[in-house]
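What follows are several structures.
Here chain A shows up in two complexes: once beside chain B, once beside chain C.
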Partner chain A sequence: MKEREKVLEVKNLKVSFNSNGHELKAVQDISFYLNRGEILAIVGESGSGKSITAQSIMGIIQDYTSVKREGNIIYKDLDLTTLSEKEMGTIRGSKIAMVFQNYSSSLNPTMKIGKQIQESLIKHQDLQKAIAYKKSIEALRRVGIKNPEEWYYQYPHQLSGGMGQRVMIAIALACNPDILICDEPTTALDINNQRQIINLLEEIQDKLSTSIIFITHNLKLINNFAHRLLIMYGGLIVERGPVKEIEKNPSHPYTRGLYKSILQRELRPKEKLYTIEGSPPNIKNLPKGCPFYPRCQYAMKICVNTRAEEIEVKDGHKVACWLYHHLCQRTEKRGEDFG
Partner chain B sequence: MSTYLYLNRYKGDLIMHRYILKRIGISLITIWLLITITFFLIHIIPGEPFSNEKKLPPQVLDNLNKYYGLDKPLTIQYLRYLGNIAKGDLGYSLIYKGRTVNDIISQAFPYSAQLGIQSLIVGIALGLTLGIMAALHRNKILDYSIMIIAVLGISIPNFIIGGLLQYFLGVKYKLFPVAQWKGFIYTILPTIALGTRILATQVRMIRTSTLDVLSQDYINAAKAKGINRMGIIFRHILPNSILPIITTLGPLTATILTGTFVVENIFAIPGLGRYFVQGVQDLDYPVVMGTTLFYGIFLVGLNFLVDILYFFIDPRINANSITGDSL
Partner chain C sequence: MDKILEIKNVKKYFKLANKKIIKAVDDISFNIKKGETLGLVGESGCGKTTLGKIIMGIYKPERGQIIFFGKDIHLMDRIEYRNLSRKRQMIFQDGLSALNPRMTVKDILEEGMEIHKLYVDNRIKKVVELLEIVGLTRDSLYRYPHEFSIGQAQRIGIARALALDPKFIILDEPISSLDVSIQAQIINLLLEIQRERNLSYLLIGHDLDIVRHMSDRIAIMKSGKIVELSSTEEAWNNPNHPYTKMFLLQE
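Presenting the complex of A and B:
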């Protein structure tokens, strides 16, 4: 990255739903930024708020009941939270685009693939049909689909998994957006296709210098792919920093658990893969302190009621955990504890 | 890949042809059953076709029965009737002297068809619009008002709606003619009476299917592309939410045809429905048989058409998905 220009900055984002009088806090106060040409990975388990974060950047949170969104989302010099629905429509798809998790439910089953690509081109660039057709063929070719002229006229149900996700990416990239948000684009795919999609995104990022937010729950996938990493838990960012650094030195007990539960080598017979005990927090009833404390083997009294500020452990590598506070007695013993 | 697509298409064609042949066979059997059952049922009804007229001397009655072949045993009559149908001859009416049933149908059906088509267009167009509007404004006042209209439309019988329309718009405010069929203005009240029923049933179905479509990921994905509200409604919601109602179009047409019996009577429209009702009352065997047969072919044909139509409207339904199903 030559220039460290921020294309997107999220400041104190809070998202909550109102369900029968209960306030469900899906995202509780998170801030992060995205540099031009950077790949930022957001990792967390289901319910950690990562998808809601993505949807609130796009302003398309599905209206289950009533959604409350606070904070600022700044794209270049524009605060997206202040835009009207119509103004937002000119940003979506043209400046910030999104790739969804499940291609088979995210493509309109009654519309030809080509038409679905063309749709945003016509909307945002006001192109004539013939030019839009040409550009959609190009978009299909760019994501590695052979014979795009033929596939242009096919319907989504005729696509295979890897191909469907490529089409989703082609749709998102049609207008050359500055930011591409990928919400678990590989979760529904087999390992082979997962790798191919990652390679494709890498290639695109290289060629078009698109900034990418890549949401996943698969830490292994982002190793050599993403530049920076955010770990989310219970609607909070618990750890952040360069991927390489976090991989080498995972600091938050949750992050450590995540890395430990990855299959690193072949297991011996009857050997169990490491799992983090307990279950993810219920967003109806989040702990006042650290959301992870009920499952954390290092939890201290302070964790129950007070949330830790982010503490910098190394350049750009920050963790929100009391264990790293300079007053914490147990810091010296950390190494042996974690083993 | 292109071979794959080609092979699939080729295989699809073969299966499609077989499917169509099978359906034609089944349709023919259905119509034969219809003829047979109707034939014996109508003859079970006590009474005789000519007994309604002024006292006829027994000699004349015998001659009439002989002339129309009614003196023969029922099975002979039945076989003879089947033979005539095969030739496309539906016989002579027993009541309207000198008129063939073919004649009556070709004369009366255009009225029924016009009324039916008009009310179908009005009912479906309005039903679609209101149904989608209700779904888009779910659980708001607009939704509730539309649903109240729908429930009223379903629960109030045609003849009451017809009568109310005649009284208020025809007699009291004199906006439209009360009855008969002498030009477009005469068609408006019966069209509303029939269309209300169609609208009411459609609204409920469209609302449900639209709500289902609205919760789909591709609507959110379309929003993420920056498509505006109108684009989403017309390109993404509409084509998907009308799919489930296409299946109901066949039976719906049936409702309208039976509905026309009543509405045609109320508004004194010289359509097929009136001849049918009159025919049953007069025991005019050939007319009852002829109109029943006509409706039967019409309905079976329509259902068949709707099934084929599905192939073209829903790309996901291909030949593979229909083989081995309910047939």
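Presenting the complex of A and C:
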């Protein structure tokens, strides 16, 4: 493989909203990169800042009038945060494209699906109609839709969940973007369709070398699929690294809790499940120190008011937790109840 | 009587505008025993929710019998039918949108008690008790649904279902919209109240690990029909129908 090339780098991104004088910190301060041809998974609970991160990259944070975005978002050599809305319009949808959880609210209900792909092609690539038609048929075929010439004439409400998501992906891929951001694309689907969409994305990454950011709250979906993983909590990245490595050695107490709550096969039927007690933090009132400390069974005094820097526990595997500080003596707590 | 619910040869067809007929539920029979959980799985669109709505009396089936506590619901008199509406409850996938946004939690929990003239003298005490069972505190009483997280809204939905002291609850995807760390909490809560009250559940679900953990028996549905109905263990270890094998063992 060629040397790793970064297609996207997010540096110290902070996003906050102003609600009646309260500052709501949706993203506290995060940095990460995405390599060419890589599948990067972002896992976290709702409200942890995943979608706002994605929307920041796309420049489409909605619904709030008083949003503040700081930091840099570097696509190739371009800082997207410095672009005008018009300039951003040439990137969005053509270089960086996005697929949302709910296709029915993202598609135009009054327009045939083939037409919608065609429109997007004409807008971004200034193609002739006949060529745009051919390309939109190709786009439908590429996402595994057989008889695309027939599907071209269907309306969004005639699609099943899995099919709708395929069409969304077809639209997103129509202009051959470098980066595809998928925000919970399979959450509303049943397990069969979830698998198929994952397989499709794998194939796309393989054939087209598209770089993919895959956002989900379901850890189960990403093993065998994503290369690297970011775990978000309370608007911060609390752990990151290669998926296989984190799976083998989850280190942040929150990550460990997550893996522990999904890998409960050894239990007897109806036996009580392991749970992470408490609930995720409210962004109106985030803890000053570690965002996880109110739920953390290992919390120390320092965790209350001071946030831990990221510490590398193995190549590329980093964790933001005081237990891993080289002077912390509670080493027995690291990975204590995890083999 | 050890059977809470019996379904016999139930059918529900939808006629579309273009005269096409969808056989959403196509000749289904099964029963659910006291204290038992029956898991119902199948691809989306296979008819699970429709079947749930028939059992709840929201849809009228074309054909077939629905027998609650030994009596066909069509043969029940008004009082019997009214009692049934207490004893059967449903908890929905999207906890938040299932709650009336203009009602406080107290009103939501009291609504059914009001209709059924229950706990007339000590309603507030009962309401607080319900909140405690589902892990919420008294200060939720006068708040509105939108002030809660999805997980908390799901707890309120559970409290509302419990308010009328039901015997049977349909759980339609009760946790798929919840965060991972909250899912396990809600599953534990559902298992705990089942144990304590000897409740019967019909659990409709996507997440096979969860359905497997919670169910005594599993019904596998495909295009309006049940293709296999067996004990959870049997379904996973020794499936009879090829579709079961395909559906359950795909991971």
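Brief remarks follow.
The rule is short, and it goes like this: the second predicted complex is superposed on the first by the 325 of 339 C-alpha atoms of A that agree within 3 Å, B and C clash if a C-alpha of one lies under 4 Å from a C-alpha of the other, contacts with A are read in each partner's own complex, and residues count from 1 in each chain.
In this text, a contact is a pair of C-beta atoms (placed from the backbone, for glycine too) under 8 Å apart; a residue touches a chain by one contact, two chains touch by 3 or more.
Note that this is a predicted model, so its numbers are computed, not measured.
Shared-chain residue A:Ser46: touches chain C; no touch with chain B. By the touch criterion stated above, A:Lys270 is placed in contact with chain C alone, chain B being left untouched. In the superposition on chain A, A:Ser279 contacts chain C only, with no contact to chain B.
Using the contact criterion defined above for the overlaid structures, shared-chain residue A:Gln196 touches neither chain B nor chain C, since it reaches no partner. In the superposed model, A:Leu258 makes contact with chain C only, not with chain B. Touch criterion not met for A:Asn249: it reaches neither chain B nor chain C.
In the superposition on chain A, contact of A:Leu219 is made with chain C only, not with chain B.
Those residues of chain A that touch chain B in the shared complex are 55, 58, 60, 62, 86, 89-94, 97-98, 100, 102, 105-111, 119-120, 123-124, 146-147, 150, 154-155, 157-158, 171.
Chain B makes touch with chain A in their complex at residues 1-2, 5, 215-218, 220-228, 231, 235-236, 239-240, 243, 313-316. Interface of chain A with chain C (complex): residues 45-47, 160-161, 187, 189-193, 195, 217-220, 257-258, 261-262, 264-265, 267, 269-277, 279-280.
Those residues of chain C that touch chain A in the complex are listed here as 43-45, 149-152, 176-177, 179-185, 187-188, 191-192, 195, 206-209, 212-216, 232, 247, 250-251.
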